[in-house]
Amino acid sequence: MKLFEYQGKAVFQAAGIPVPESRLVPCTSASVAVIAGQVAEAVRELTAASSSDNKPAGGDTAIVVKAQLDMGGRGKAGLIHVARGPEAAAEAARTIMGKGYTIPALLVERAVSIDRELYLSISADATSANFVILASAEGGVDIEDLAKNRPEAIRRVVVDPFRGLQGYQSRGLAYDLGLSDNVAKQFAAMVEALYRVFRGKDAELAEINPVFITTSGELIAGDSKLIIDDNSLYRQREFQLAREQFDSDAAYEAAVEGIPYLQFDGDISLMCAGAGLATTVFDLVNYGGGAVANYLEFGGPNYQKAQRAMELCLKNQSSVILVVTFGTIARADVMAQGIVDAMKLLKPDRPIVTCIRGTNEEEAHETLRAAGLEPLLDTEVAVQRAIDLAAARKGREKKDGRA
Amino acid sequence: MSIYVNRETRILVQGITGNEGAFWSKHMLDMGSKVVAGVTPGKEGQKVHGVPVFHSVARAVASTEVEAAMLFVPPRFTRDAVYEALDAGIRKVVTIADGIPLQDQIQIRAHAQSLGAQVVGGNTSGVISPGASMLGMFPYWIERVYKPGTIGVMTRSGSLTNEVTAMVVRAGYGVSTLVGVGGDQVPLSRFAEFLPAYQADPATQAVVIIGELGGTMEEEVAAEIAAGRFTKPLVAFIGGRTAPAGKRMGHAGAIVTGTTGTVASKVAALEAAGALVADRPSAVGALLQQAMQKAGHQ
Amino acid sequence: MKLFEYQGKAVFQAAGIPVPESRLVPCTSASVAVIAGQVAEAVRELTAASSSDNKPAGGDTAIVVKAQLDMGGRGKAGLIHVARGPEAAAEAARTIMGKGYTIPALLVERAVSIDRELYLSISADATSANFVILASAEGGVDIEDLAKNRPEAIRRVVVDPFRGLQGYQSRGLAYDLGLSDNVAKQFAAMVEALYRVFRGKDAELAEINPVFITTSGELIAGDSKLIIDDNSLYRQREFQLAREQFDSDAAYEAAVEGIPYLQFDGDISLMCAGAGLATTVFDLVNYGGGAVANYLEFGGPNYQKAQRAMELCLKNQSSVILVVTFGTIARADVMAQGIVDAMKLLKPDRPIVTCIRGTNEEEAHETLRAAGLEPLLDTEVAVQRAIDLAAARKGREKKDGRA
Amino acid sequence: MSIYVNRETRILVQGITGNEGAFWSKHMLDMGSKVVAGVTPGKEGQKVHGVPVFHSVARAVASTEVEAAMLFVPPRFTRDAVYEALDAGIRKVVTIADGIPLQDQIQIRAHAQSLGAQVVGGNTSGVISPGASMLGMFPYWIERVYKPGTIGVMTRSGSLTNEVTAMVVRAGYGVSTLVGVGGDQVPLSRFAEFLPAYQADPATQAVVIIGELGGTMEEEVAAEIAAGRFTKPLVAFIGGRTAPAGKRMGHAGAIVTGTTGTVASKVAALEAAGALVADRPSAVGALLQQAMQKAGHQ
């Protein structure tokens, strides 16, 4: 579960990591005009409360307006603006909201006066089975680019998962980045706080990029990237799935059901059991020139959720539903029966191609035949059938002038 | 012969009295697996399919010799259960749990490494040496997939394994031992860590790996081949060539971040090392025949 | 730092370990009559507040009055009494206070109805470098005796100091003790709570002996033995040295100064530098038929505390002060000068024997000679000299009829 | 020759810019110890007695080879400093800190053991091979105590060591290497763990141990002799025969609890194994002469 910047920063702040003073303006149910007004009001509040260290003589406090959405490169995309004064900030908000993205909220922050930027992150290393801290004196850039182009600019600290982070490690990292004195001390403290967040919140990734060093020598988190391990949510009760974290209603509803789902814009709905098999079917559809409408898994613990899965598929404007399974625990007979029951209930308006194999497959095939479906046995044959059906429908629609 | 698990391997089942544990223990026994003890706290004295149940692993190993532990334990209790097996001296542990917290997995793997143990899973069907023994939940009764033979199989998937292994069997081969390392971001054991055993196993003539995007396990296999430490024929199928970058599609481990984890890098590494890579499951059989012939097998 | 039973139980309770309901009656500055009255009042409070599960029909609630002092075998010594009703409890208090011990406080507890007793402790194992949990289904006995006579009755669980206590360990221990169901669960929870206490409070030893299993199947801590590592007090701020933890004013004052000090009833005051050397001098005095008045170390970081050390020695009715050092960092010249300065200031009424060697010993010897002291060089010679001086004084006193 | 530290041992001093660190580094250098680097966070670039100072151990070892670390670091920072040395690959570490928290010591020792490292201390003067090198703070200039020679000495004490070692020298011998394991309840290394090195050291003809009540270190030495793994002459002095039970007199480690740790049990174990035990320091010399003669040394 990837938190938005503002959520991550709230976690950081609670852990003792300095973050810029800010106000959040939610955007889900308001007009752009209302949002712009709320941004202006937020700026007034921040200005009133501020000790104004970045307020130029006679001028307005510098403010940053940042779109809150799960997307890299927000700056380049024009989703982050610096403005001075309530009116300019409101204008920035209007500009951002006009970019055509779904933006759940705007974060309105007091700008800080930046001397330098650092990079800092903590993640898990699957191979060595350690936690790993990465840091660089060259912050604010894409760490992947930096890793490719100037790997020597990245310092790596390996943290034993039982002994935990040691003082010498955070201190040593600060000195290795060329920091000194008070800044080094602040950085070491920030590393320790971020490690507490990483461990305490079961994070997959805890990243601060950039870490600002202000002109007055203070360290402050310029951004947050905090991904909470979905498998740990049972013990991280403060984090809950929310609609705003998803691109579509279908994706959110699927997530609530625990059904892996991804939205695409093709015309073949996948309804597969098994992550690896679903991914392979996705490949095969693409190889064959087809286009996927949605990726969906109803295998594993969800093998009895055929009805819910089909409902999600039917939300798409797809031409065909392609069911491929080769199940073990996910019994073929149960899945086949689920498909047939769902068809009776939902009366799908599009053809369904089935390739259901595995435990109790003979019974499954009888069930499908009884419902008028052809039980295919070969995945690639089934994929081709779906592609052909989709193409035929496209052809019809073209002829009908509907495309 | 086989690797990891064979006809003689004495198996303990943790969580044996649960629905899943009891169900699959039955199948393990049916297949010939030597399930000698079970553990469920508070249920000592019971029997499940004739297998005696103990309160703890320590109490089980005190009364019967055990070489491998099979866990049917929920994800949130998996770390404790794996520690229990390892700390009791068991060095082969398989967990099918789907949803083990990632930081727990890091700790489990770190502890297993410090002991020289191999913990397989989570999010897997387990390990099977068809016709001999099983640590997991495989439909071994589907002969067109789980036919005994000479091909070692390693996989990150479940259903896809059935799909690909069926192609191996269709090409005229069978399986020596199949190891499902699972689809998590942190598999508790990794492909390359089983290569020495496959290399040493006289019954294994070639290995098929069923990989996918994300992580570096396939590259590690390529490195072992390139270093000359694994010399048997190896055929790979790798899924997710057309998966969108940055999205988590499929398994938790199947995510491309930045420049690592792309199928392209895996294919390039494996082919450079001399392995054959199939672009679709149906291509696996022919490539395997080709590799086997080249190696002098029929 | 060894906590009193009531202090340990307060820590246990805060950690979630059940303890009997109780009231504390301090005894430091009150007459026995006042104390007995307070005990009776405490019993009335406990009786009023109680749900009276141990109240016999028409009778009084059973109460235990327990002397709080650092001593094993309190039961055998008559320092623990069971009583029914305020008057009986007051009488018990009078009996206890009349035993001739220095008792800082009485703990007045509601008695519990006991079915069985267990033993449970956690300590550190220096050799294996692990934490070790010991438990036995035979509680309430001296664990050392049990270890000698029936070692098979003690279960031992080794806890990795990095991974910490695991659920399977506390659960397994419960089953290995033959507990079952609800009692096993309570015991596992108690083990986990005690481990949190042990680690969280930097304990050397955390012991519950006995753990009561009540007739209604509840687990409750019957006693507490909690020793906090003195070296950790800087990070365990809640625990502070207090007068009541020491046998004498001198011992308490020495502890506050950080000077190792033990009170004895002989006539030779030791003032030695180095723990091992001081212990050896203690042996040599005893070998030679002498009797030590006090053990005192002023070496190590205390080597400049000669004056404070001599003051402590002079508090004793000793006949001679025996100074033995062989210092490294504790410089001989500094210690000699300290002795001489202290003599000028304190004008001791008894002879001082010095055997000061080590770093800068030549200067030290000059200093001693200038002050009229003979710098001995051989420890055993110095010890014999002190014994002789003490014997001579004793002889004089005998002759004078003062002994 | 010597054990643990010799003329060639390249030494890093942690906490070198502090009063104690600077003072004793000077003495270590004066004695010939090869102090090649120092560490104090924030002070990189400085020099102490000509020794370059680094921010961290990692930075020091990156620029100069180091085999041993000497810590002049306060007790509360000792665990961190020892980890820093160990994690940088140093396998010999001496800490003189007096007052290291007990649970920290358990963790330090556990970590050192897992790495096969020997951490000596705390609450000790350290290790000295007189005339060759020193990791600690010994008055090596007192020739009647620290005279080079053929007797290995191990001790739990400071001042008492001077007392007893003076008797060794008075008897006509000198010291090969003296190891002060310290007086804490949890010495980071234990007597018996140095016996293999003394056994292997051709320059060591006999070993004197200076023990005391409490713990089981002397019994462990006896066990090594009894098992035939240590075969050189060994003389022990053990203090605290008349110490009252249950009271903490002297070192933190010098406490008798129940039946373990009594001087009587130590003496019995050592004598049963064939070691000679002195009842007072002045008896050590004669016993040593006796043991040496019996072993064919003069």
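Note that the chains take the letters A, B, C and D in the order they are written out, and that residue 1 is the start of every chain.
The rule is simple: a contact is a pair of C-beta atoms (placed from the backbone, for glycine too) under 8 Å apart; a residue touches a chain by one contact, two chains touch by 3 or more.
None of these values were measured; they are calculated from a predicted model.
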- Query: Can you list every chain in contact with both chain A and chain D?
  - Reply: C
- Message: Per the definition at the top, count C-beta pairs in contact and tell me whether C-D or B-C has more.
- Response: C-D
- Item | Label of the chain whose CA centroid is most distant from the centroid of chain B | C
- When the centre of a chain is set as the mean of its C-alpha atoms, what distance in Å lies between chain A and chain C? 58
- Centroid spacing, where centroids are CA-atom means, of chain B and chain D in whole angstrom: 50
- Message: Counting only Cα atoms for the centres, state how far chain C is from chain D in Å.
- Response: 29
- Cα centre of chain B to Cα centre of chain C, whole Å, reads 57
- Query: Residue numbers in chain B touching 2 or more other chains?
  - Reply: 107, 111
- Item | Set of chain A residues in contact with two or more other chains | 160, 162-163
- Query: When you draw the chains as points and link the ones that touch, which shape shows up: line, ring, star, complete, or other?
  - Reply: other
- Query: What are all the chain pairs that meet the touch criterion?
  - Reply: A-B, A-C, A-D, B-C, C-D
- Write out the stretch or stretches of chain A touching chain B in their complex. 72, 124-127, 129-131, 143-144, 147-148, 160-162, 199, 202, 204, 229-232, 234-235, 260, 262, 272-280, 282-284, 286-287, 295, 297, 299-301, 325-330, 357-359, 361, 378-380
- Note on the structure: The chain D residues in contact with chain A across the complex are 41-42, 44, 55-59, 77, 80-81, 83-84, 87, 107, 111
- Message: Going by the contact rule set out above, which residues of chain A touch chain D in the complex?
- Response: 163, 166-168, 171-172, 175-176, 180-181, 184
- chain C-touching residues of chain D, taken from the complex the two chains share: 75-76, 98-103, 106-107, 109-111, 113, 125, 137-139, 142, 155-163, 166, 183, 185-187, 190, 210, 212-213, 215-216, 220, 239-244, 246-247, 249-254, 257-259, 279-282
- Message: Going by the contact rule set out above, which residues of chain C touch chain A in the complex?
- Response: 160, 162-163
